[in-house]
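In the part that follows, the structures are each spelled out as structure tokens.
In the two assemblies presented below, subunit A is common to both, partnered first by subunit B and then by subunit C.
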Partner chain A sequence: MGKAFDPALIFEFLPKLLAYLPVTLFILVAALFFGLWLALLIALPRLYKVPVLSQLAAIYVSFIRGTPVLIQLFLVFYGLPAFLQLFHLDVSRANPLFFVIATYSLSSAAFFSETIRAAVNSVDRGQIEAAYAAGLTGRQAFVRIVLPQAGMIAFPNFANSVIGFLKDTSLAFSIGVMDMMGRGQTLISATAHALEVYIGLAIIYYLVVIVLEKGFVRAERRLQRHERKWASA
Partner chain B sequence: MIQLQNIRKSYGSHEVLKGIDLTVNKGDVVVILGPSGSGKTTLLRCVNFLERPSDGQVTISGFTVDCKQPGKQNVLKLRRKTAMVFQHYNLFKHKTALENVMEGLVVAQKLPKEEAKQKSLDVLEKVGLSDKIHHYPSQLSGGQQQRVGIARALALSPEVILFDEPTSALDPELVGEVLAVIKKIAREGVTMIVVTHEMGFAREVANHIVFMDGGVIVEEGPPDEIFSNPKEERTKQFVRRITPEWSYVI
Partner chain C sequence: MTIDIPFIITCFFEIVTALPLTLVITVIPLIIGFGIGVVTALMRIYKVRFLHRIADFYVSFLRGTPVVLHVLIIYFALPLLIAKLSDQFGWGIDTASIPILVFVLTAFSLTAGAYMSEIIRSGILSVNQGQVEAAYAVGMSTRQALWRIVLPQAIGGILPNLCNLFIGFLHTSTFAFTVSQMELLGKANVVASVNLKFLEAFIAAALIYWGMTIIAERITAFLEKRVTAYNRGGIA
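Our next item is the complex of A and B:
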């Protein structure tokens, strides 16, 4: 049992926790960066119905969606070194941050690939035909016409996922990463004021999410300027 | 010159085009008429391989593509000799009118940006949209969008422009402005193949009418002959049924 609740401690803990916000954000940004590229790689064979690869991609996505991210974290943490051992690479002493970023990249890639796939498929077929008719190659049509429009369609969905992933990163401490949550755990061990720490963490996560949401709304408005009925002068 | 030889197209066991031969000379305005399901739109889309014909040959100004084994590069080369205007305009939604027209010039034809822009502004002026160049498609009326579509095709200076029912998705009061633009560029000697239901337009602008039914060309000839003195019974039926209600002057 913890000690008596002391609200003043929340304010004392806040700056100590905030000092580790950059670690949390770093995990998020790195995982999003790798995750998006990986997502495109996973989505492409499914979009173009490449035999074998598309089935493999489907199984991968289904597995990631069907297992908790905490378990994926441990699978990567214990599994990746064992796997790389086969190639005589020793990563068992690598920074746990590396495993966290690997996990969240792999995990977010599965979700994003579904978002990308749905968005690309929902781009009007006529847009591609118009691109072909104008003499664009398949790749030019995909990159210049389909992807930008798919991006706009996918954006709200993407934004939701990012917020979800930010909160998922709070599990990283379980393999020993010192992020905000990890710092919180050490504060709890040191002071036994668990409730104050968790309130502090809740405040910070919530504020970050609010900032992200505001940013996404703005970005969305800018991306969808072509949908507005009136041209700005 | 555009030459279609023995064009066939099947979907499964259903044969939509049963061996079409058609020659279009430079400067010709060929209008393809026929009841729905006759295969006219499919034929048009076979010219630029938006539909891949099952058999036959497509030749545009000396370049021939064999439909049995077309090859990506050949299809691309063929497409770059053509341009298309679509029933539903198909303007690039995320690009302004000007960017829509410039896209093919810059990306496919590799024109320098400035030159492409000048050319685009010229054709947009020709279709009467100089004041809308920075508008997105969603900010334009159907008639304006289709005029951008025509400008986009015209800017490419293709050997032939393919029109796929360019007015059938438009509000009736917007049809006139689009037909007027098509008529204008027809008079400038642009080669076109037009699929349309606008009989008045066909009669006035076409110099060659092709009447299709059931995947074959039933009859072809100059407009006066087809409309006033058709030879085939099927053409007579079609003309009789469709002329009175559609014969308004543009």
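Our next item is the complex of A and C:
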């Protein structure tokens, strides 16, 4: 073991870590995809005040928002195999990636459902009345009128959550997933230069977050281009 | 599925003994972070020459990287730094004798400072400019106007955000487990490994965090009503 801290090593580690960026992004995208659908399923009973289902959804959301994601990760990792055994499915030897995506889907669903609920509630009531007046059915009014407007309102919150979840994916290594952090751990075992690896990881995460932020700002502007500017008219 | 429900209760009482450490890891960084947050927020608002760029980078970098990395980087970097300084100036500090908790608290304080800075900045900016002008008009100095007029109103406005940050840090404190601190998650892990009942132990830990979160939410709702009492709209 040479010097205690060698800045040159950071640059040597960067490409090795970057090779695993796709795994991190894959976890993020897969979790967001499932999370969004699940979020809609959770938000709908609460919006339409379906008895029992809406209370269950509220408890689910409160539980996920009330527990650390690291605990959720362990709960899914140990709990899901036990649960699926009831249906005679053996997943105890499944890829840990599967558990990570399951956890982040379940977790992001709770946060997104709250965002969706708030956004839908903030759409002007007159819009849905106008839709009914024009002869749209309840379903058409929701999908064609309310959802697009709610989506635009929810977008900034959604973007913040995505960035939060990107950072949370760094916990996946704790159940043995080979993402950037996991690759970092193997580099540390091989070279015993932990600090350089972690600094390299911090640089990569920071750059990815900056790129995402810039992208979201542009997307937001594009989404809101139909908004009429009363003040500047 | 075999869940040993009585064992969850046993776990609960065993794990809950680690609650004080979790609260220490949550609250102390928030207090130190509040100080850092006020200073950096003021630097950024008043655009203090050169310093505001550092403050901007500090906030953006710490908010843009995972907290677990902050803990690990400080855990490895701070002992090296202290050892080097100690050699240079002959302080004779043995870094191995510094408890790991100090590194954990340092890391979380820096993180809390970055998040606090954004919250406090938004709070200060949301105070009506007329309030500051009125303070100047009655002869207060900038310092007096800040302490007596702006900050109290700003804190009232950002109370919900501060509560969310508390809950966030309650959950973030689990990362102390990665450097082998015996907080709630660390304790849960020990209880789980000793009894080989992982699911039960983590369910018990989850229940403790959930309960704490609900209590924190209730307290904020109450405080919010009190703090903004002067400013309530509507009738009665």
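Odds and ends about this structure:
In this text, the second predicted complex is superposed on the first by the 224 of 233 C-alpha atoms of A that agree within 3 Å, B and C clash if a C-alpha of one lies under 4 Å from a C-alpha of the other, contacts with A are read in each partner's own complex, and residues count from 1 in each chain.
Going forward, a contact is a pair of C-beta atoms (placed from the backbone, for glycine too) under 8 Å apart; a residue touches a chain by one contact, two chains touch by 3 or more.
Everything quoted here is computed from the prediction, not taken from an experiment.
In the superposed model, A:86 makes contact with subunit C only, not with subunit B.
In the superposition on chain A, contact of A:145 is made with subunit B only, not with subunit C. When both complexes are overlaid on chain A, the residue A:226 reaches subunit B alone and has no touch with subunit C.
Once the two complexes are overlaid on the shared chain, A:55 sits clear of subunit B and of subunit C alike.
After overlaying the two complexes on the shared chain, residue contacts for A:122 are found with neither subunit B nor subunit C.
When the two complexes are superposed, the chain touching more residues of subunit A, out of subunit B and subunit C, is C. Of the two partner chains, subunit B is the only one that A:137 touches; subunit C does not reach it.
Of the two partner chains, subunit C is the only one touched by A:174; subunit B is not. The touching residues of subunit A, counted against subunit B in their complex, run 124, 126-127, 129-138, 140, 144-145, 148-149, 152, 225-231. Listing the residues of subunit C that touch subunit A in their complex gives 1-3, 61, 64-69, 72-73, 76-77, 80, 167, 170-175, 177-178, 185, 188, 198-199, 202-203, 205-206, 209-214. The residues of subunit A lying in touch with subunit C in their complex are 4-5, 62-63, 65-72, 74-75, 78-79, 82-83, 85-86, 163, 167-168, 170-171, 174, 181, 194-195, 198-199, 201-202, 205-206, 209-210.
Here subunit B touches subunit A in the complex through residues 48, 50, 72, 76, 79-80, 82-84, 86, 88, 90-96, 103-104, 107-109, 134-139, 152-153, 156, 162, going by the rule given at the top.
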